[in-house]
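Below you'll find the structures, each written out as structure tokens.
Shared between the two complexes below is subunit A, which has subunit B as its partner in the first and subunit C in the second.
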Partner chain A sequence: MSDLLTPTFLTALIAGGILAGIPLLFASLGETIAEQSGILNVGLEGMMLTGAFCGFLGALATGNAWVGLTVGAISGLLVSLVMVVFCVRLGLDQIVVGISIILCAEGLTSLLHGAFFGQSYPRLDAIDVFAIPVLSQIPVLGGSLFSQPAPVYMALIVVGLVGWIFRRTTAGLDLRAAGERPDSLDAAGVSVVRVRTVAEMACGAFAGIGGAYMSIVGAGTFVPFLTGGMGFIAIVIAMMGRGHPWGAVLGALLFGMSLSIATALQLVGISIPVDVVQMLPFVSVMVVLVVFAREARLPAALGLPYVRGSR
Partner chain B sequence: MRVMADAPAPAPATLSSTAGTPVPAVELIDITKVFPGVIANDHISLSVLPGEVLCLLGENGAGKSTLMSILSGLYRPDEGRIRVDGSDVRIDSPRRGRDLGIGMVHQHLSLIPTLTVLENLMLGSNKGIILDEKTARTRIADLASTLGITVDADARAGSLALGQQQHVEIIKALWKGSKVLILDEPTSMLTPQGIAELQKVLVELKTSGLAIIFITHKLHEAIAIGDRVTILKQGRVVGTIGPEILRSSTPQQLQRRIVATMFGEEADEVADVAELREDLEGHRVRRTMSETPLLELVGVSAPGHHGQYGVSDVSLAVRGGEILGIAGVDGNGQRALAEVIAGQRRPSAGDIRLAAASIVKLTVSSRQRLGLRYVTDDRLGEGVVRPFAVGMNLVLKRIGDKPFWRRGTIDRVAINATARELIAQFDIRTPSSETRIGKLSGGNIQKALLARELSFQPRVVVFSKPTHGLDVRTIAMVRERIRELAGRGVATVVISTDLDELIDLSDRVAVLFEGKIAGIVDNGPGAETRIGELIVGAQAA
Partner chain C sequence: MTAPATTQTAVLAEPTAPGRLASIADSLIRSIGPIILAFLACGLILLVLGRDPIAFYEDIVTAGLLRPSGLQDSITRMAPILLIGVGLIVVFRATLWNLGSEGQYLLAAAMVAGLGPIVLDTVPAPLGWVVLMLVAMAVGAGWTLIPALLKAIYGMNEIITTLMMTFIGVGLANLFVKGPFKGTSMVPQTAVIPKGMMLLDLPVTRVHVGVIIALVVVVIVHLALTRTSFGTRLDVLGANPRAAVHLGINVPRLIVLAFVISGALIGLAAAVDILGIFGYMRADWNPAYGLKVIPLVFLARLNALALIPFAAFFSVVSIGGEYAARQAGLPSDFLLLVVGLILIFMVATQYFSDKRARGERIVPRRRKASA
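Here is the complex of A and B:
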């Protein structure tokens, strides 16, 4: 077992954790925003998958990863409009609509992928790694933490920004109020529908970026069902983060590492069946839920549609 | 109070500038509001002068809250005009209402418990993108000193006592420089001490020139607080008592006058209800009580749920024929206490005895058969099965028992026969025993619950908020039933957050504070003050 703690293994584990964790981070950050405003966005997986497919198309067509990520964001945002119309405006059940979004996205992306590419899987060029000067020279951490594609650093900046918006701005206060007591927010003269609309759209955009990151940076290609349940893990991460964006970072890294552990183990010559390893993140979801579920503090009005005058 | 130069949207007039003018701060003229099937407000006209407290008195459903919702912009009237400072206005949103200087404190507190006081007050009033904490803090300090209170701006709203939360609500209502302050049943959740403090705050506000509308269904409050009292009944103004009469009459004269106005010929039936008396001294009857306790709790502890207190180390003894009141602010263990006695919650320690025999291991239904009953306050939730018929609900706790069930099948004839008897006996207003109970009014559902729990030889009955949300006539009926029950030798426990009710009914009052019995007070002169002290956690004497 002493082989496990070699620099190679740790570098692979951390770097792989970040690679797998970044899509989770974006998606759970989006989910955190939606949940704080009172929307349980179950359709996160569908938005990620749409983002992954459209982002891949964008990157393939232009040869530019940034364009791909942007297209992914826009496509996720467009899907979130379904939630906005049905759940925020019409007050339908968020879980039912969310599940339909997932199923639709799965069907549609697979169909379109088949129509566009058939059985071929075109690959994208690897995205450039941006090594932070000096810091990237540190052993283990340098090769893992500080030598990453630029979107990784961008993600951390966005997390800080969202945290600041939550605590220090009018929009952030309105957002938290919408999730706790929408009737009080309404009585204070702020439109609950507008706050939740913006939050849901932000969530869709972030989920789209997360998905696009998976196809463009992670896999370098798109295959049907690429996201494989990442959206659900992101929902769990958001709930455990208790509304703190940095909680999403921690959770995403943790789950990212449990996803990348297989690759790391293979690097040091320990081989366990792939199926067992693929179960790991979901087992850890359950373990984490058992251990921490009691402490999850969810907004009081989470999942409840707001209709003025009804109690 | 000065106008804050940097306050968010200062209102056109300040508190002090309107003093001395005869123009009403606000005037409602011929307001009519119709909801499907009900005329909530029927050509109501009233006005308030600056520096005056107008009390709106009326039963639940008299139209008080609808009228105030119209004034604060939540509803729009079907007919009628509103004048503020002598000029016609249209109030089409709560925001417009606030901009016109009309602040409202709702009956149910609307603060967001997870946010701080500061954040609650900034909500909806911040103009820029970034929260302006500095200005808000100055504004809080200003308003707090006007009201003569202290407020911790950084405390989470949910961690404050109800009285303090209400202070924050008042500050919130005055945030934009209100000229009119509406308080909707503000005392319903307060202790006597909290009410006294609120009265002081109101006097401060009055002298600063604010017009105050105070809504209540308690007559003694209206007499004590109001400069004028307007009485609403079934959506209409049925009487107004001006300052001269209020000052020159004795409380007894006023009481008779107001009750007669409110109830006309039925005045005698209801005049004895605590809400309609001018004082709070209980009208207690001597009952014969059993020598030994019928219900005993010995060192009972039970966990709380949903962040509410459980009970810890509670010991109580209730004799047959005694009414024991349980007072306390909601959430201090009332629910746990009731459920642990009823058998719906397992105690972690202690013993419960019925006539000296331990029942702590018995199930709910075994306790039912022994005559232990629980009238829940969650009438629509655990009280009844809404889609079921009235008859079925009346025998719900006797599932499987003869004669209603025979060899596993339901005997509808037997159920309906018993149901019809109970319906007549308890005056449940229902089209038939086959009607779905969910279609009945709250008062009739409560009567059905009483009918179910008080039939089949009760020996111990626990009531949880038995008159909460009912109209005065049903309240009178429910309280009479409780007295009657005790008169027949039943040990009775009444859990209530309404102190007036407990003073009215109980022989002794035990106070729950943070899940423990803070003290037990014999009902009588001075009991109310003592109970009030215990409710807020003062040490037992």
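Here is the complex of A and C:
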């Protein structure tokens, strides 16, 4: 086991964990916001996939990764408007609408990809790595932690910001009240519908960025079904994070590392079947869920539409 | 409608129209309307992509319904769709979300394809089929156990757990096919069941008896859901879990039972597919019925008998759609878009016709005035 702990292995594991974890981080941060406001956003996978496709198109057309990420965010936000109209405004079943968002996003992105590119998969230029001076010189950790594409640092800043909004602002209080006791929030004179609308739109935008990060920075291209279940893992991370944005960071890093462990192992000469690799993150989610079955904590009004005046 | 019922069964609630004829007409509109809307929307998208929607839909009907070979393929495709569909109806009635049908199906398929040649070599075919179907049902049921127990004991959200188990099941199925079940050929696939040992075809056709099995199962499930106390208990649980507890229903046991039956039916779908059509399983093969069947189940309003026409419709569109997409130079994932749109138009149609049935305005007024 000792040769496992070589710098090569650790660097590859941590760097890979961050690369794979950032999309999870954005998406699960968005899902955390939505869940705290009382919306179970099952369609997260569909929003990520839309963000991945539109972000890829944006980056391909302009040659600029930042434009791509912005386009991804906007497209995710537009998809979330479906949830806003049907679930927040009209109070329809969130799970059913979520499933249809996934189906439509999978079908539409695959269809459009086929129509635009056929069987070709154009690649994007690799995004510049931003090495923090001095810190990136630290052995082992420096090369992996402090030499990252700029969106990685942005993600951490955003997490801090969301954490601050949750804990220290009235908006954060309103958000959590919308998920726990929507009737009290309504009685206090704040519109539950408006709070949930904003939360859901933020969730869509974050999911879109996460998806766009996968296609632009992670894969450098788009293939149909690119997100491959990431949206579902992000929902689990949000659940296990129990509403804490930093829980999402921890979860995203852990699951990102379990995604990248195969590549890291190959660097030190151990190869495991690709099917095992693909199963690994989901197995670890199940293990976490089984072990911490009692710990998962969800808002009381999660998944329930708010109808004023009903019990 | 009281508040809990509205939230729990918003999609499932039956309308309380006065006449039986009016109610049939109403549910016809609610079912056919979304399908028409979805095809209109898809037609617009095809038009934007520079394809001819009329020709596309003509191709679907021609290849899926009018050609004898296409029609037989469509009828054959109904078998797994029906079995997965009733498997979902059993849990959905209890408002339990088994979204992991793909994993249950593939794992069962891998077992049947892997054990099939061995079992059919040692025992006579009819007995072998029964054994393999039972194995598939056990595998499908077993794969729901962890989510079912987590739900029953801890109330853990089954949407998440069944989805996770699906991804694991797909990976495991591939491992089995590439590993212990690998046949003698170079490609990673199981040994092939000889043609003579596959499920029999119906006379004159190449539609296998699995379709008949599926139809019989649909009727049995329908009777169990509508004529037994088990069905009633599922409905009570689905409408209001707290009421179910107060009625003395053993809710955890019922949850596990519903999941196990659901998984078993989905496993049976896999057995019928492998024994009836394919005869072997290749690595990374995945028909991905998964989420696509869900819109049909809701269109049928969780009624097993009503599922039959929608399964037929879906089979024609999926068989014909593959051909039409090829002709138009598009990926066949077109079908995903169709069923996704059907689902979303269906909840919207339901919302507005419910509103109209209550004599409310369809366009929501400002909240202050209406509440």
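Worth pointing out:
By definition in this document, the second predicted complex is superposed on the first by the 311 of 311 C-alpha atoms of A that agree within 3 Å, B and C clash if a C-alpha of one lies under 4 Å from a C-alpha of the other, contacts with A are read in each partner's own complex, and residues count from 1 in each chain.
The working rule: a contact is a pair of C-beta atoms (placed from the backbone, for glycine too) under 8 Å apart; a residue touches a chain by one contact, two chains touch by 3 or more.
Source: prediction; values computed, not measured.
Legend: residue contacts after superposition of the two complexes on their common chain; A:Q278 is shown touching subunit C, with no touch to subunit B.
Within the superposed three-chain model, A:M154 lies out of touch with both subunit B and subunit C [touch as defined at top]. Within the superposed three-chain model, A:F232 lies in touch with subunit C and out of touch with subunit B [touch as defined at top]. Using the contact criterion defined above for the overlaid structures, shared-chain residue A:L304 touches subunit C, although it does not reach subunit B.
When the two complexes are overlaid, the chain among subunit B and subunit C that reaches more residues of subunit A is C. When the shared chain is aligned, subunit B comes close enough to touch A:T169, but subunit C does not.
Within the superposed three-chain model, A:A177 lies in touch with subunit B and out of touch with subunit C [touch as defined at top].
When the shared chain is aligned, no partner comes close enough to touch A:L78: not subunit B, not subunit C. In the superposed model, A:C104 makes contact with subunit C only, not with subunit B. Subunit A has no residue lying at the interface with subunit B in one structure and with subunit C in the other. For subunit C in complex with subunit A, the touching residues are 2-4, 6-7, 10-11, 45, 49-51, 97, 99, 146, 150, 153-154, 156-157, 159-161, 163-165, 167-168, 171-172, 174-175, 178, 291-292, 294-295, 298, 329-331, 333-341, 343-344, 347-348, 351, 364, 367, 371. Put simply, subunit A touches subunit C in their complex at residues 40, 42, 82, 86, 89-93, 95-97, 99-108, 110-115, 118, 193, 224, 229, 232, 235-236, 239, 273, 275-276, 278-279, 282-283, 285-286, 289-290, 293-294, 296, 298, 304-305, 307-311. For subunit A in complex with subunit B, the residues that touch the partner chain are 168-174, 176-177, 180-181, 183-190, 300. Taken in their complex, subunit B has these residues touching subunit A: 74, 93-95, 98, 106, 110-115, 119, 122-131.
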